[in-house]
Structure formats: structure tokens, C-alpha cells
Amino acid sequence: MDLTWSADEQAFRAEARAWLETNVPPAGLASGDTREGFARHLEWERALFDARWAVVSWPQAYGGRDASLWEWLIFEEEYSRAGAPQRVTQNGIFLLAPTLFEFGTPGQRDRFLPTMASGEETWCQGWSEPDAGSDLAAISSRAVRDELAGGWRLSGQKTWTTRGAFCTHLFGLYRTDSDAERHRGLTYFLVPLDTPGVTVRGFGRLDGDEGFADVFCDDVFVPDDLVLGEVDQGWKVAMATTGSERGLTLRSPGRFLATTSRLVELARERGAADPLVRQRIAQGQIDAEAYQLQTLATVTKLSAGEHPGAESSLTKVFWSELDVQLHETALGLAGHDAELEDSPWMKGWQFALSGPIYAGTNEIQRNVIAERVLGLPRK
Amino acid sequence: MDLTWSADEQAFRAEARAWLETNVPPAGLASGDTREGFARHLEWERALFDARWAVVSWPQAYGGRDASLWEWLIFEEEYSRAGAPQRVTQNGIFLLAPTLFEFGTPGQRDRFLPTMASGEETWCQGWSEPDAGSDLAAISSRAVRDELAGGWRLSGQKTWTTRGAFCTHLFGLYRTDSDAERHRGLTYFLVPLDTPGVTVRGFGRLDGDEGFADVFCDDVFVPDDLVLGEVDQGWKVAMATTGSERGLTLRSPGRFLATTSRLVELARERGAADPLVRQRIAQGQIDAEAYQLQTLATVTKLSAGEHPGAESSLTKVFWSELDVQLHETALGLAGHDAELEDSPWMKGWQFALSGPIYAGTNEIQRNVIAERVLGLPRK
Amino acid sequence: MRFAFTENQLAFRDAVHDLLAKECPPSVVRDAWTNETGRSSTAWTELAKMGVLGALVPEAQGGLGLSEIDVVLLAEETGRVALPEPFVEHMLVGAPLLATEAAASGITTVTAGDPLVPYADTADTIVRLGHESFVADRDDSTLEAHRSVDHSRRLFSVETSGSPRALDAAEVSTAYWRGTLGFSAQLVGLGHHLLATTVEYVVARRQFGVPIGSFQAIKHKLADVRIALEFAAPLVYRAAYSLTVSDPAARTHVAMAKAASADAATLAARHALQCHGAMGYSFEYDLHLWIKRVWALAAAWGDATWHRELVARAILDT
Amino acid sequence: MRFAFTENQLAFRDAVHDLLAKECPPSVVRDAWTNETGRSSTAWTELAKMGVLGALVPEAQGGLGLSEIDVVLLAEETGRVALPEPFVEHMLVGAPLLATEAAASGITTVTAGDPLVPYADTADTIVRLGHESFVADRDDSTLEAHRSVDHSRRLFSVETSGSPRALDAAEVSTAYWRGTLGFSAQLVGLGHHLLATTVEYVVARRQFGVPIGSFQAIKHKLADVRIALEFAAPLVYRAAYSLTVSDPAARTHVAMAKAASADAATLAARHALQCHGAMGYSFEYDLHLWIKRVWALAAAWGDATWHRELVARAILDT
């Protein structure tokens, strides 16, 4: 065991910190879940990209730094620590990109990764449908073969699509074999949202910001080279992405360490004398550090070539409930101010409440833990 | 709404309190889950009976006082308040007796109720079997018709039978129709444990006291007049008893009010300054009073002729978890003394842990609440 | 001993229930989020016509001369429909405090502890309970708007330039405990609505080929909510009774009621959101209107922790 | 950066695991409940032969000269089998504190804060950490037996008539944090055993025609236990590392480890009992041997609340 950083890693951290200290907008940006705020965030993403901080773990050819997993972790920690803006490009960079690296053709990678990294093209995830939420395999949107045109014609409704109203592209699952049941016969498509036949309707999330969208496809033509992975193998391809979503990439420990620091600061401002509050804050700190350490253990394994398994479900339940706890504690400190909408904690609280719901509800995750990690019977 | 007691009720309370103050053994008795302690408890039960406090709600003819539900409640409150011994006769008096009153023949009532009230005969409940715990309807012990002798021959194993090793009689369910499935074809029998073919083996509960027993029947003859209710209708008959077990009779609010008082006393001794402990104790007091008030509402309804329904499942979950909480708080106050076996709180804690398990686990109760109170679908 | 409401009390409750079903459907609550006042259009005037708003005002002053125990179920009903009105502030606190004929028909709003006053812009009279307690005319006051997470609850900081009437300790105490009782009752009503609407959803919503309400994870969450409400409600009713009969422990009883009802409603809100999944997380769906009211009222007039500490004082320090 | 044990450390862990599997099956734990000493018959001597008991004693004094990070997994293994021995007291605290050849082979027991000393009757040396910290010979001491809920943990109050050696603050501190680390590791091991044995039970136990492990209520409880252990263990390992490298925050790291491991093991015990139903509630079944060890160790050397307050001091008061 060695919990120290190498000289190179320390240098990497110093470089990231220095750049972030200079460049992070001190007053923050308007919510990225609004059209206006989204545009501001894209400017920030562009600045990140220009300084080669947008996709540190990617190859240099696509705008990255070939950073190791450790460096990536360091960067994410510094990013959160600096209070830098939410990444509105995260669904592309953290969910689609790993899948493109694993399943994409060279042509697809060259076509999509650079514009994704720069924020010129922005991606939303087309998984959920009105009748396929927790039960993702119930997807009924379909793609019909158009042999003549060399592609597929997509129809159906995707919903609860995060920032779908502002993105240029969607990656989604559509049913290509209508006879196949459940997770068989799905195909993974890359869909430019300006294709004729696509209608996007934004709608509000819990806090009222237009962070959700319906994406309707009505006979939308998508050529063969926008199929990611093999036809009818979309589930397998998508699950690789889902693994990233639940695991390391989306919820860096740095985020919860940063939230805990802000909570500690808030408590100090208010006197920090109440043993009840002290217990809750200490628990937050313990959990945030536990999450960090468990991530270090995971990265050690990944660096040794091991693959992440169903354990990512443990992580997802843990960070999402930690996030809720941290914000609940902060609102408890705020007393009657807690109900004020302007407080960053109220905004964060509402966002935290999405954690146990999205990317597979925590109920589903607990089933996965019980069945795949502990080996309990499905039925 | 009128939360005052009538002059008669106050007089009843005063009489009960005076008698208890004089007669309750000040040092308590050895555990009723041991052979020695059980015998001491029976002496106490006899004293209660002689003073007509053993079965206050029963008719005078059987040793009771024809007390109203309100008076009964008052008596139970005073009984707990006085720290009087656990009722080792409770399975007979609170579980079997209501069933005897509802389904018994006059002969059965006259034969069994007086000796039950006096403690001369003591009853244990023969429900659970090794493969029929939560799934009570899976009972496989059987009773075969012996037409010639005018009765039934019982075989099979009952287990986790509370105080079975010390009781004289068992009331239990046996399968009389082997073709009928699940809860059909069961019959409710009254079994003297000195009948040839009965073997009783006591074994320890969590705290090591011999409070459990296996009761093996090997071709045990039981005459027809020891069948309670109709043959093959045992489930219906037993469910009436189960209703009592979960509901009003077994867990008087007085018990939790008394525990809360002891907890408050303990906290005062230790200074009562820690806000954390104060919160937990206040919550205990709130819950104990809530349970008392909810009982008052229930008794008001019962007194008006309404029948208790699946709501008794709400009560069972609530008091069992309250009891666990109260003892957990007390042990937390004890610090490193918490692990000492002699402390009444450690004994009480172990007993409290049985609450969420017996009389239908809390998981089963929550299913009942969801399905019968809220109307959620079974499958 | 009788722990139940009278026929009259239940009939009054039913009448208000029916009125609110008509005058305050979810569309009215949603509309109040964006309209000018944050309030319902007609529910308030209909409640006034029925005499509800002056229920605690003595008959001599044009009220109904009722007591807390007579109106606690009405407050619960207003919670159930998330009535966007200063109902508790006016009916339980302001009107009986002023106890004038004008008070019964005008609008009074109140704050306790919190410098922000709900609905101050449409009130005639503003009452502040706390460090300095007083009654002031809205016309003598300068208001500045603040935004609650519940957009229908219009909040204002208030600067009074006139010479407000000071309140004595007894007036403040009566007002404070009545208001706290009222919010407790509303929280129970809010919790019941959240539970009912979630039950409806999980029965209808199918995933994996079955209603999601058939999963134990859902069943047990909703059973827990049902249990919490089952045992919070009697504490609220007892508190109303204790205030009515001036029980010496009445304040502790109200503190217990607020702690238990805030916790029960908060649990109901949390599980309702989780059981609704992304649907409940959508602004277009009505669920969040109730959830945010719960957040606001659970924190208002002392949160559960604060009231539990009051209970601790009563049982540990006396 | 590397958050993993070395091959050597894992091999040592495996060797101890195999030894304990042979020398400390559940029958040995059960026997310790009623035998004369409360201890295993041969496990202790076999551990001594392997050098484990002197692992932290410098090589010059006949030990292995290892550090906390090398032995934390061994403590976890002793927890997993509920080894009825003063393992943490001797191996992590007493032996390196005395650091003599006799210490590595003799038996030292320790208490911290608590006036009662486990296994004092069979120890050669008794160490007390707390108000007055000292090392005393058992032969100079008068013992009085007390009963832990875990009958294998023989407890004694100790009166020393000799002239015990006083300990300085640095010795006390090192001893206290090492011991606390050891109990944290044992709690993780106990928790893992409770989870594994419960998984086995719920897969085999059938009710309603299916394994009870197929019910969500069971699945989610055990998933929660798995999560708690998943995130407690790295805190324990980090604490061992921090003690080894004398990290300035090492004490806070141990406090975090004890709080998290006590909570995780307590949750494991609670859910294990509930999932086992009446079977687990039976004294004849082995489950309670582990559960009661958890109760004892979760409270020993500072419970979770106590250690969380230490963490709060470190982050809020400095």
C-alpha cells in the first residue's frame, strides 16, 4: 500500500490546480439545465478543451492528455475542489465516449470524438421511454430496415432525456428485431437531432429548469454508419456504457469531498456546536473519504488490468445516498432559511434527489447487488 | 373527544394501583423463561388470580371482573407502571382465551378457562414448525381420524414454542385433510402435554434461557372434545387468535410508557445533557404516547362495536420497532457497560429483538399493510 | 374517555373537504405558482362564506366561537389539497388574536421566528411572533419579495414604519402554539395525499410486466409511510384537544405533534418521489407541488429536531 | 499510489485464514462460552508458533518486526471466525508495548477506559489505558469476574496490589490507537461472516414455496450490509497504513475506521438476526455467538458516536 502521489502526479495536480484557479468563473454560471445557462457552459467547455482539460484521459489525438486513471482522478478532484461548473457534456464524454472507444469504428471515432471533446456537438442519452424506465429492456421504439437507402428508419418516443432540448445529438437504443424479446434485438444508434422527423420538447425537472426532454422520432432515417456496434447487439453495447455511468466516471469522489468541505464551512460559520449536527457532518466526512478510498482500491485493480463488475452497483447506491445526506444536513443547518429557493443547498438538494432514481434506481441496484454480488436467487 | 377518566375508572385505577403497590415483588422474579423462574411466576399468577386481577376483562364466573376495554387498558397500564412480572400465562390468557370465548363449546370454556386464569394449567402455542415459520400455512403436522376411539391421532413437530418446556397444554394447528393445500384442511386442537406420545424438548432463546421448545407428537390421541371450532376450519379459528396477538391484547401501551419512564430515569441519572441522547429519548416518549393515543382511538372504535382489521399490522410493526429503539438508546447510554449481561437493559434488548420476528415478522406485516390496508397488488 | 371526533366535527370536516375538492383541485395549486398572489381564486372566499375563516373568533365578534379541536381536521383538509392560502396564519392565529369583526373577514398573516412573512402582500394585517412580537398594518409596511421553493408560498421581508401594537407573552404563546398545531395538521393532510397519490401511481405503473406496486421494496416503503401517518395523526388530534381544554402539558403535546407530523410528511415526500421515479421528478407532474409544501412546512415554526428538544426539556429537565 | 496489499501481506493473511479455519471452527467458539478460560484450546498456541502473536514486536526482541498494515488483515480474519482470545489486546497492543521476548510468548491483556479487563485471569500481564495507565503483573492483582453478554469474553475488575509500571502519554496513545484499529478490523471480519452465513441461510431456507432470499425485503437488507462493509473496510485499511507511516491524521483515520466498522457490523448483526427469524433467535444455532461479539466490540474502546465526535473535532474545531 502506498497512499502517496508520485512527483509526476503532484506536478500534474499542480498544473491542473493552477489553471483552474485562474480560469474557473468565480461567480459560477447559470444552471446548465436552462437554454441560456447551457450556452454559457459550452463556452466554459470550450475553454477547458482549448487548454486540453476537457478529456484528460483520452488520447492526445482527440484532444486529451493520455492521462492515467490516477491523473484523471486527480483532475476530477481538483475540478470539484475548484467549484468548477457542472459538465454539460458529461453524457457524451463519460457515457458515450467509452462505448465509442470500445465498439466504434475508426471512422466513427474520428467523426464524433473531437467535436464531442470541444463541445461543438453535444450528446444526450436516449434510453428511457414512457414505459421503459427502471425496466430498460422494455424499450419499444423501433428501427425498420431501409435496405435501399442503406440505413434504418427510427420511430418512437424517448423521454426524461437529460438536457435533450439543448443537445445536437442523441445516442439511443431502438428495437431492430421486433420478434426478439426484452433485451434482445436492440440496436445502438447515433442520431443527429437535426435529422428530419425528429421533434424535441424540453420540460422541467424537479427544480423547474428545462433539464428533461421528450425526443420523438417519426420515420427518421439513420444511415448504417451511425449504428454503434453490431445490429441487434445494442444491449451489450449499452451495458458497457451503463457500467461507466454507475461506476468510476460520473461521480468522482472529489465531488463529495468538495460538498463535504462546503458543509464543514457552513457548520463552522454557524458555530458547529450542536452534537447532533457534528455527528452528521462527521459521518459525511467519513463516508466521503470511504468513497474516495474505495475508488482508490478500484483504480488500483483497474490499473492492474482487472475489470469492474457488478460492484459498481454498490458505488452507485453509496454515493447517491451520501449526496442526499450531505444536502439534508446542510438544509437542517439552514433552519427556516432552508425553504428559500436561491440557496445553493436547496438547488443541490433537489439535484441530489435524482441520484437514487437515475442510472438505474437504487432499488434496482440493490437487486443487482443481492443477485450478482451476493448470489441470491432472482425468483 | 374526552380524554378524561370517569370517577368509576379512576376508582378502578386506584384499586389496581394500591393492590399492585402492596403485592408486586419488589426485587422482581427470576426469568420466566427458566424452569425455576417459571415456577416463581406461577405463584405470582396465583396471587393475581386470588385477588381477581388475573383476567380482569373476563366474566366473573371465570375469575374476572367483567372489566370494560377501558378498565382493562387501565389495569395493563398500572401493571406495567408497577414493574410487575411478565405474564407467563399470556399465551393462554391473551391468545387462546379469546378464541375459546368465540369458538369454544360451553364445556370447553368451563373446562379450561378457570384453570387457565388461575395458572393451574398453562398453555403454549403450537403454530410454528421447522418448515412453517413466516409461512404459517405450510404446516405439515397431521391429525389422522380415529373413528373408533372418537378422536384424532396427532403426529409431527412444533418448534420455537414459547415456554413449551414448562407448560401443561398446547393449542396448535394440525392438518386433518391431507389433500387440502395451504391454509385449508387445518384443525385447531387442544393438547394436554402429558398425553402419551408427546415429547417436549426445551431449548434456549437468544439470551440462553430455555424459553423455546420442540413439541413432538407421535401418534398422540386427542378426543373430539379437544377440537376447537370445526374440523378443517382451524385456519379461520387461528386467525382470530392471531388478530389478538398482533393487536390490543399482548402489547399494552403501558409497557412502552413504563420502559420510556425507566429510560428517562436512566438518562437523568447520567446527566441528560447530550443533545443526541435527548433527541432519541424525546422520540421514544413521542412514540410511546403516539402508541397510547392510537390505542385509545382503537378502543373507542371497538367500544362502538367496530371490528379491528388489518390495521393491527400497523400496530405490531410500530411497537416492536419502538421497543428496539428504546433499548438501543438505553444501551447507548450505558457505554462500555452495555455489554454486561446482568443489566436489565441487555436482557430487555435481547427480548425486544424478538419483537420484529415473532407473531408474523415485520416483513410479513408490511406486506399485509401494503396489500390489505393500502390495496397494493399481491403479485 | 373517548378518542374520536363528534358527528358535528366530522360533518364540518366533510363540508370543507367537499368545498376544497371543488375549489382547490391541483390545477388551482399549480396556478398559484405563477399567478400574481400565489393564492387560490375562489377557495378563500368560499371558506369565508362558510364561516371557516372566523371559526375561532368568538361569536360576539362575528365568528363561530369554536375551539382548536373543532378545526384541526379542517387544517388537515387544507393540507391534503395543498391549499395555497395563509389558512393557518389567518384562521388559527390572526383572526382569533385580533378577534374583531374585520379580522374574520380580512386577511391576517403571521410569521414565527422567521423574518420572512408568507402572503404579506395580500394580507391586511401582519403579525410577527418572536424576538419582537407585534401586529402591524400592511399599509404601514414596506415589503421585499423572497422566493420559497414552494412558489405558491409568497414570502416577504417586512419593514414597518407605523407604530405596531405590541403583543404580550400570553398572546404570543397562544398564537404560536395554535399556528404550530395548524401546520402539524396540514402536514398530516399533505402526507396522506402523497401516500394516496403514490399508491395510485404504483398500482397503475407497470414495469417488468407487473405493477411496480407488487414489488416488496415499494410495498415496504409505503407501509412505512402509512405507519408514520397512523401514529402522527393521534398526536395532532390530542394536541388540539389539549389546547382546547388548556391542559398544562398542551405545549409539549403540540411540540410532539409537530415533530411527528413533520417527520411523517417528510418520509411521505421522500418515498413518494422515489416510488414515482423520473415521473415524479418532472415539473409538469403535480407531485412536486405537495413535496415542496412539505419541505416548507416541515421547516416552518420549528423543525422536528427543534420540537423534539422542547419535548426533551419537558421530560428530562423538570 | 497503490491501495492494495502486497503479495506477502495477502499470503500471511491466507496462512492465518487456513490456520483459523482448522483451529477455530464454530465449535471452538461455542466451547469457549462454557470452558474454564473462555479461550480456544489450540488456536492461540498455533498462532504463536506461526509468529503471529509477536508480529509487531521488533525482530531484536524475538518478534517479526512488522507494522500495522502487515497485520490488519490478520485481525480481520480473527474477527471472521470470532476467535475467542485476547488477540487484539495481546498482538496489537500488549506485545509491542512490552516488546520483550517474554511478551511475544506470554499473554498480555488490555483495557481502555473500561474498568473491566477481558481474559485477565489467564493473562500474564495486565495493561490499563485510561485515567491511570499502567502495566501490572496478573500475579499482583486481585480479580473479580463479571459477565459479558458474549460469554467467551471473560471480564474482570482488577485491583493491583503491586507497584505497576506507569505508562507515558506516547505509549498510551500508540497502544490505544493500535487496539482500536484491531477491533475495527475484527468488526469488519465479523460483519463479513454474518453476511456470508445469512446469505447461505436465505438461499437454503424456503417459505411460500421459494427461497426467502428471493424476496426483495431480504435482498435489500443484505445489499445494505454488503454496501456498509464495502465502504468500512477501506477506512480500516487506510487507518492501518496511516499508523504505519505515522500520518499526522492517523488518529482521526482510526476513529473513522472504528465508527464505520462498528456501524457496519451492527447492521450486519441486526439484519442477520432478522433474516434468520426464530432460527437465529435460538441459542443452539451459532449465529448469536457472532452477534454478541459484535455487540461487545462495537461498544468497546469507544462506540461509533464517540469516535464520530473525535472526527468532528478534527474537522470542525481545528
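Chains here go by letter, A, B, C and D, matching the order in which they are written, and residues are numbered from 1 within each.
Keep this in mind: a residue touches a chain if its C-beta (ideal position, glycine included) is under 8 Å from a C-beta of that chain, and two chains touch if they have at least 3 such contacts.
For clarity, every value in this text was computed on a predicted model and none was experimentally measured.
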*Shared chain contacts [chain B and chain D, defined touch]*: A, C
*A-D versus A-C: which has more C-beta pairs touching?*
A-D
*Name the chain whose C-alpha centroid is most distant from the C-alpha centroid of chain B.*
A
*chain A to chain D: how many Å between their CA centres?*
40
*How many Å are there between the centre of chain C and the centre of chain D, using C-alpha atoms for each centre?*
51
*For chain A, jot down the residues that touch at least 2 other chains.*
275-276, 279, 363, 366
_Touching at least two other chains at once: which residues of chain D meet that condition?_
215-218, 220, 305
*If each protein chain is taken as a node and each touching pair as an edge, is the resulting graph a line, ring, star, complete or other?*
complete
*Residues of chain A defined as touching chain D within the complex*: 1-6, 9, 70, 264, 267-268, 272, 275, 278-279, 281-283, 285-287, 289-291, 293-294, 296-297, 299-301, 304, 311, 314, 317-318, 363, 365-367, 369-371, 373-379
*asked:* Help me check something: in the complex, which residues belonging to chain C touch chain D?
replied: 215-217, 220
*Where on chain A is chain C touching in the complex?*
128, 131-135, 138, 159-160, 203-208, 212, 276, 331-332, 335-336, 338-342, 346, 350, 353-354, 356-358, 361-363, 366
*asked:* Residue numbers of chain A touching chain B in their complex, please.
replied: 274-276, 279
*asked:* Looking at the complex, which residues from chain D come into contact with chain A?
replied: 1-6, 69, 195, 199, 202-203, 210-211, 213-214, 216, 218-220, 222-224, 226-227, 230-232, 234-235, 237-238, 241, 245, 256, 259-260, 305, 308-309, 311-312, 315-317
